[in-house]
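Next up: some structures, all given as structure tokens.
What follows is a pair of complexes built around subunit A, which joins subunit B in one and subunit C in the other.
For the complex of A and B:
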């Protein structure tokens, strides 16, 4: 198991650091930050499956996230279910909801899907706000029990950091596995040319619904984890601005780059925290990231080739280079 | 009661229409969408508010409208040049993502510059109040409705009767063919953005006057409603956007009057989703088959 490239070494070093960090450090703030990064990694990777790999422009990811969070909170609080069962069930509930959304969304062009999922996100948030009896209304749900995993009971930020990293790693392994095989090629074929994909026998309907289901499943798990970590949730955490924040993370890491989503989530979670003075500019950073990345590095922060190409073109002077040239 | 609700719905519909026609203009020409339209509306409102503060109440109203329209139009032009022009031939997702970034940036900037608290209208815009047939009209409301109607009618005339309108319709019908016919499509697109944004800006200052409130997130909900209205009328169809906006305004005020104010937004967004699922071309649109 010797890494074959500089990138491989960096990854191995990163993983090793993540592994020994709990023994090196005793700083609840850092662990909290990393635990939240882990949650956003799961959200970003699962959204990337839709936007980046399948070309389904979904703007309502926070709806699935919120559904998972509320489902898990209510299942443990009102139905007395143990955390592991509620965790799994909230993922499955979100997946069912996601597939139900994915099915009618099949025929829609990208902008209509974007508008519809945006509307859906708002509807979910409004229901969470207005169904006072069930969801606690705008005040939210306090007192959600901390996760009890029979053998271990998570309580300290350090525990949650380890659990969040395991959740992110598990999500990565499952999604990477799905994407490296036949389903992954099918999804990318659908993204690049749906008609062509259909003509070579890709079951576009099944794959799109499945992509929505799997994506929502992981968002639901992230929601459940978030609810039991913070022990308090309110509708404000699951609005459109949350969906947009996740989109900024996916874009920063690169659309269609699964590993990039890990970086995108980590960077956008930690940059405003590391530079404390930037705290007030959190939203501004998210917005600027979206604009700059899409304009300058459309394949994400790891791929600098578009910028290099632009540099070469600029150096070779005006009127030369570029694809539209030729004799 | 019913008449009053209908009147309120008409005013609301007029405000929605000023934004909805902008969505329809842009989507009609480019088949691409902007998500920063609500923030252009908000920026226009704040530009108008700034102008209101500079002048004495008599002149201020006359100064606020061009300030709102101008401020918003500049932002619209920037949006077109930065987010749309370089990516016109790429996937429709690209400009949408950039405009999402714009909307976040503009909200954050407004929050930093103006603060989170709601600003009131700087003076009391009282132009009298009349009662007719159980409906209370205020001069302000009549002014807002009249101005919105005049702008929309003017837009309809310009599109139907002027050379620019012809160029716009040609560009919307077939971008490349219009280009081959010698139409400066770049200029048409830019002017459509300027016009759409200017109307959004005027909508912003009228909204601020109507509700007596200016705040950084004022464009979020109304732009989604306007998008719902444009979709209801058939997005890309400017006349349809007006019909959809008035219809949505009426439905909403009836829901508020007879059902529950809590669910007015739910109804609006449910209509949006239902229209997209059942009849994506809208109530006035014709179905289009996608060509390979």
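For the complex of A and C:
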């Protein structure tokens, strides 16, 4: 965790500077935006672990997110647990659910897994909507207590900004460590060639299930944080459109690019906010981003080479390139 | 002493019998060649030993342990490792990471230990990196350590696949047509390499189309035809065997199968 090179120190200094900047603006709205960015960073990174690094195309990430949010809300409201315990438990519950879902889902290949996880997302949302007694139904759960961390009590958007960034940084460090270590390499091996991975000793099923569990764990943590930040949750926040928004963030940053997910989440959180008049088109923006990225920059915004190649091809004259020529 | 013992291995695909009651015993420390005309069943037998196919009947004892019900990945930890005829590397990973993957079954760092990069996980990582570099150097591909595997030349990809397999510390190394696509010089190098691997204490099973290479490298050769074993013994003996000549050079029923 200590920067190893001068470049590392420069980056750390840059990060620290960027982190201090919002305090100079001291604007609650900016803090709110960044706190939400932090939550989405966690969601995007954890989804990237599945779809980018393991090659498991899950379209239902918001299910784990919502599960974590409701679990945390109910654990604090109905069971009277303190926030830290509810926070940890909601991560673990989401992880258990993720692993349980992952197990049968692993028998499905590519497109079928995508459809099954989409279905799962809808099922979870319908349960949240219809279990009125427990979840408050379509009206949602109001009055979720703000996080009490014994020493500090989070209340202002500024506090949540700091906490969300710490959560995102912690998630990044843990996932980066996993990915550069033995389990992460096994996941990438499974993505690259499942048969070869098995033939060199990787228990493919166990790793896929664990990847689902770890991914869901962080989504659950993000859900808990979200619930206690807004103090109100409803099923609408955890539908398919939310899953697609997270996928758009992962794609924008690049599949298999952990740091890219930070940028993807930040950009897709801020852009619709900057163009406030476009608020109603939020989902449209996500959809367009997804289509454009897949079409133009398949490796995300960090890798401009495909676009540069396209540009060169276009400059070298019409009629030569295959891509742009359709009817 | 026999390292591996196959008894009565049978396998059919639909109505087609690919293997019928095949026996084969591989001695510890030998290089065993496995040949046969196309469709003889050698690839099927190879895949059954590696665990990619399930045999219909028979037994496969390895160091006294029955392996037929053991999963592919668990066979690797027991020391049975294969390479692929059509090279299956982890394309987006660097050459170094490919070899590191070979150490997967010889290391233990789990999710939590890796997540927090514990002292033990970090120590293991450093050890794996050192050993992997040593293997890359041994196979003369150390300069490509940070190159993505898919960008390596064909010959170097073959070497990398062998390095990755050796990293898993095999007791029986199974090479599936290792000379496919290599030129003559590379073929000779491969022959030396296989001998060196055997001399380091690893038993080797080679399936190969290239008769010259196979006969030159093998201590003993097993010949399959029509899903049955038709000959077994030292290369000179097998080459003089009448049934083998018949199968390979044609004449009678053998011609149709060739």
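Keep in mind that, in the parts below, the second predicted complex is superposed on the first by the 294 of 327 C-alpha atoms of A that agree within 3 Å, B and C clash if a C-alpha of one lies under 4 Å from a C-alpha of the other, contacts with A are read in each partner's own complex, and residues count from 1 in each chain.
Keep in mind that, in the parts below, contacts are C-beta pairs under 8 Å (C-beta built on N, C-alpha and C of every residue); 3 or more make two chains touch, one makes a residue touch a chain.
Remember, it's a predicted structure, so these values are computed and weren't measured experimentally.
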Message = Please determine, from the superposition on subunit A, whether subunit B and subunit C clash or fit.
response = fit
Inquiry  = In the overlaid three-chain picture, which partner chain does A:93 touch, first (subunit B) or second (subunit C), both, or neither?
reply    = neither
Key: Partner chain(s) touched by A:210 [first = subunit B, second = subunit C, both, neither]   = second
Request  = For A:195, select first, second, both or neither according to whether it touches subunit B, subunit C, the two together, or no partner.
outcome  = both
Inquiry  = Looking at A:118, would you say it contacts subunit B, subunit C, both, or neither? Reply first, second, both or neither.
reply    = first
Inquiry  = With both structures fitted on chain A, tell me whether subunit B or subunit C touches more of subunit A's residues.
reply    = B
Task = Have a look at where A:183 lands relative to subunit B and subunit C in the superposition and call it first, second, both or neither.
result = second
Note = When the two complexes are superposed, subunit B comes to within a least CA distance of subunit C, in Å, of 10
Request  = Enumerate the residues of subunit A that count as touching subunit B in its complex and touching subunit C in the other.
outcome  = 195
Query = Contact residues on subunit C for subunit A in the complex?
reply = 50, 52, 71-74, 76-77, 81-82, 84, 88-93, 97, 100-102, 104-105, 107, 109-111, 113-117, 121, 124-125, 164-165, 168
Note = Residue positions on subunit A within touch of subunit C in the complex are 174, 177-178, 181-186, 188-189, 191-193, 195-204, 210, 214, 256
Request  = Please give the residue numbers of subunit A that touch subunit B in the complex, ascending.
outcome  = 51, 55, 57, 59, 104, 107-112, 114-116, 118-120, 122-123, 126-127, 130, 195, 240-241, 244, 247-248, 251, 280-281, 283-284, 286-291, 294-295, 298
Key: For the subunit B and subunit A complex, residues of the former touching the latter   = 27, 31-33, 82-83, 86, 91-94, 96-98, 100-109, 111-112, 220, 224, 227-228, 231, 262-263, 265-266, 269-270, 272-273, 276-277, 280, 290, 292
